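Before anything else, here is the set of structures, which you'll find just below.
In the two assemblies presented below, subunit A is common to both, partnered first by subunit B and then by subunit C.
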Partner chain A sequence: MKKLLIIVALLVAGITQSSAQQKIDELLSRDISGNRYGITYRSAVKRDPQTGEIIKRVQEFSAIDNKALVKEFIEAFKAERDNADVWEYDENGSLYTVTAIWTKPKRIYNLSVGGSMITVYAQTIYREE
Partner chain B sequence: MNDLKHIEELIEKFLGGRTTNVEEQQLYEWFASADVPEEWAELKEMFAWYAAGMPEGVVDMSSAPQKPARRRITLSRLFVATASVAAIVVAVVMLWPKSGESINIYEGSYIVENGVRYDNVEHIESDIKMVLCRADELEAKADELLAWADI
Partner chain C sequence: MKKILVAVLLFTALAYSAQSQQTVGIVTSTSGSVTFSAINDIEYRSINLSAPMLCEIVSSLPVDIKLVEGDEGSIEISYPKQEEEWLDCRVMDGIRLIIAPKKDAMPKSTVISPKTPIIVKLSTSKLRSIIATADMDLEVECDRFHSWLQIISNSTMSIVAESISADSKIEILSNSTSTYKVKHWNTNNLVITNMGFLLLDGSTTAKSIEHTSSGIDNITLDVNCHKLDLTSVGSGTICYSGTADDVNIVSMGKATIRTSELNK
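And now, the complex of A and B:
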C-alpha cells in the first residue's frame, strides 16, 4: 500500500511537472503558426561546438498593439505562480514584468509588457556552459 | 672458409626469399668478384643476371635454383595493403563526426516575422546572437533569484 502511494505521488508530481509552462508554450506556438502581422518570433538554439548537442534553446516572442494577446499571456504567467520554483512579479510605472523559473531542467520564462509592446522569453538550459 | 659459409647462408636466405637488399647486393658483388666453387657456377650466372637487372633472354634460368616469387608478391601485397589503408583513412575522414570547427552552434535556429519564416542560419546569425545575449542577461537575473530563494 505504501509503495502504491509513493508511485501515485510520483505520477502526480510528473504530471504537474510536464504540464508546467504548458499554457505559455501553447500561446507561443499558437501565435507563430498563423500569418500574423506585428508578431516576431525568434527560436535560438545554441549547441556544443564539439558534439553538436543542444545546450540551450531560447524562444523570444514579441508583438505590438495586441491587447487581447497581452491579457492572455499575463493570465498564463499568473497561472504558473504556484507551479514555478521561483515566481517574481514586478510593476514599475508602465512596465510590467513576470519571471517564472523551474529547475531540472532549468527553464526561465519572462514576460515583459510596456506600452503597446509585449515580449516573452522562454528558455531551457539543458546543460550549464 | 668463413666467408664461404656466410655466403652459403646468404644463398639459403636468398632462395628462401628472406634476404635484405644489402644482403642481396653483397651476394651479387661476391659472385661477381670471387672465385666461385664449381658447384655454384649456375648460381654465379643467376646472380649476374639479377645484378644486371634481370634482362630478358640473356640467361637460361631453367636449370638454376628458382628463387621464390616472394619479393614480387610482397610488393603487390604491400601495394594492396597501402591502398586498403588509404581507402580506410579516406572513409574514416569522410564519415567521422564533424569536428568543432565545422559544427554551426546555432543550427536549428529560425525566425518567424509577420508570418514569414527565415531559417538560413548564416543570414540570421546576428539576430540569434542578440537573442542569446538577452537570454544570458535574463539567466543571470534568474540565477540571482534562485540563489536568493536558496534553490
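And now, the complex of A and C:
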C-alpha cells in the first residue's frame, strides 16, 4: 500500500511538474496579438546536422505596457516554485526577476519585469552535445 | 394557323439565341497578323509581337496576363478595337512590355475594365519584374522566371499558379489589394512587403524569409527556412508553420501572429 501511494505521489508530481512547464511554454507559443507598444519574439533552434533533430531551443519574449501578460507570466512562474529544481526570486524596487531551472531535461526559464516591460527567456536543452 | 405562328415564333427565338451566343462568346477571324474576336459584344483585336529578351511587364491598364509555353518572347496582345487609338501596347528597348495609354491620350471613359481587360499571352523565361498600377490578373501556366523576380502591385492584383520559381530571390510588394493563390514559392530568399491588403496561402522553400507589413495580412505560409524575420505594424492574421531555425518577430500593430506550428 505504501509503495502504491509513493508511486501515485511521484506520478502526480511528475504530471504537475510537466503541466507547470507547459504553462510557460503555452504562453510563449501563444498567438502574438500585438498592441501598439510592441511585442518582440525571438526563437532559435540548434539541430543535429545528421538527423535534423532539435537539440537546443532558445526563446525570448518581451512586451511593453501589457499588464495582462505580465500577470499571466508571473502566475505561471510562481506556479513553478515547488516543481523546479532551482527557483530564485528577487524583487528590487520596480524590478522583479524569477529564475526557474530544471535539470532533467535541462530547462532554464527567466522572467524579468521592470516598469512596464516584461522579458521572458527560455532555454531548453533536449540533448547534451 | 396557330401551329404555324407558334413554329415561326420558336424558329425566331432559336435564331436570335444562336446569334446572341455568337456575340457573347469569342468569334475569331484572321486577317494577316491581326486577329479579330469578340468578347461580351466588344470587338477585340489581337496583335503578335516578338521580344526574345523580354524581362519586364509594366501595366497601367486593366490586364489579364497568361504565361504560357511557347517560343521565347512570343507575345499576343488582345484589346478592344475601339480603344486602339489611345492604347500604347508595345515592347520598349526590347525588354519591357508596356501596357498603357499614350501620353495625354487617356479618354474620360473606356470599355477597358477588369471585366473587359486587355489580354496578354506571353512566353518568356527571363521575366524579372511585373509592375501593375491597374488591375492585373496573372495566370502562370509555365513557371519560368529570371533568378530574381519582383512583383509590385499598386492596384488590385491576383496571381494564380501551381508554382512560381526564381532561384535567387522573389520580392513581393503590395501597395493595394493583392491575392496570390500560389501553391509553391520556390526560391532561396522570399521578401514580402505589404502596405495594402495581402492574401497569400502556400508554401515556400526559401531559406531566408523577410516579411514586413504595415497593411492587412491574411497569410498562411508553410516554410522550411533557416531565418524568418517578421515585422508587423499592421493588422490581420499571419500564420507560419513548418521549420524555421531562427525566428525574429516584432509586432507593434494589431496583427495576430501564429508561430505555434513552427518547429514542432
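In this section, the second predicted complex is superposed on the first by the 94 of 129 C-alpha atoms of A that agree within 3 Å, B and C clash if a C-alpha of one lies under 4 Å from a C-alpha of the other, contacts with A are read in each partner's own complex, and residues count from 1 in each chain.
Assume a contact is a pair of C-beta atoms (placed from the backbone, for glycine too) under 8 Å apart; a residue touches a chain by one contact, two chains touch by 3 or more.
Bear in mind the structure is a predicted one, so any value in this text is a computation, not a measurement.
Judged by the touch definition given at the top, the superposed model places A:Arg42 against both subunit B and subunit C.
For subunit A, the partner with contacts to more residues, out of subunit B and subunit C, is B. Looking at the shared chain after the overlay, A:Ile54 reaches both subunit B and subunit C. In the superposition on chain A, A:Arg30 makes contact with subunit C only, while subunit B stays out of contact range.
Shared-chain residue A:Ile108: touches subunit B; no touch with subunit C.
By the document's definition of touching, of the two partners only subunit B reaches A:Tyr121; subunit C does not.
Applying the stated touch rule to the two superposed structures, the overlap between the subunit B and subunit C interfaces on subunit A comprises residues 32, 34-47, 54. Here subunit C touches subunit A in the complex through residues 232, 244-260, 262-263, going by the rule given at the top.
Subunit A contributes residues 29-47, 54, 57 to its touches with subunit C in the complex. If you check the complex, the residues on subunit A that touch subunit B are 32, 34-52, 54, 56, 58, 60, 85-86, 88, 99, 101, 103, 106, 108, 110, 121, 123, 125. Partner subunit A is touched in their complex by these residues of subunit B: 97-101, 103-115, 127-128, 131-132, 134-135, 138-139, 141-142, 145-146, 149, 151.
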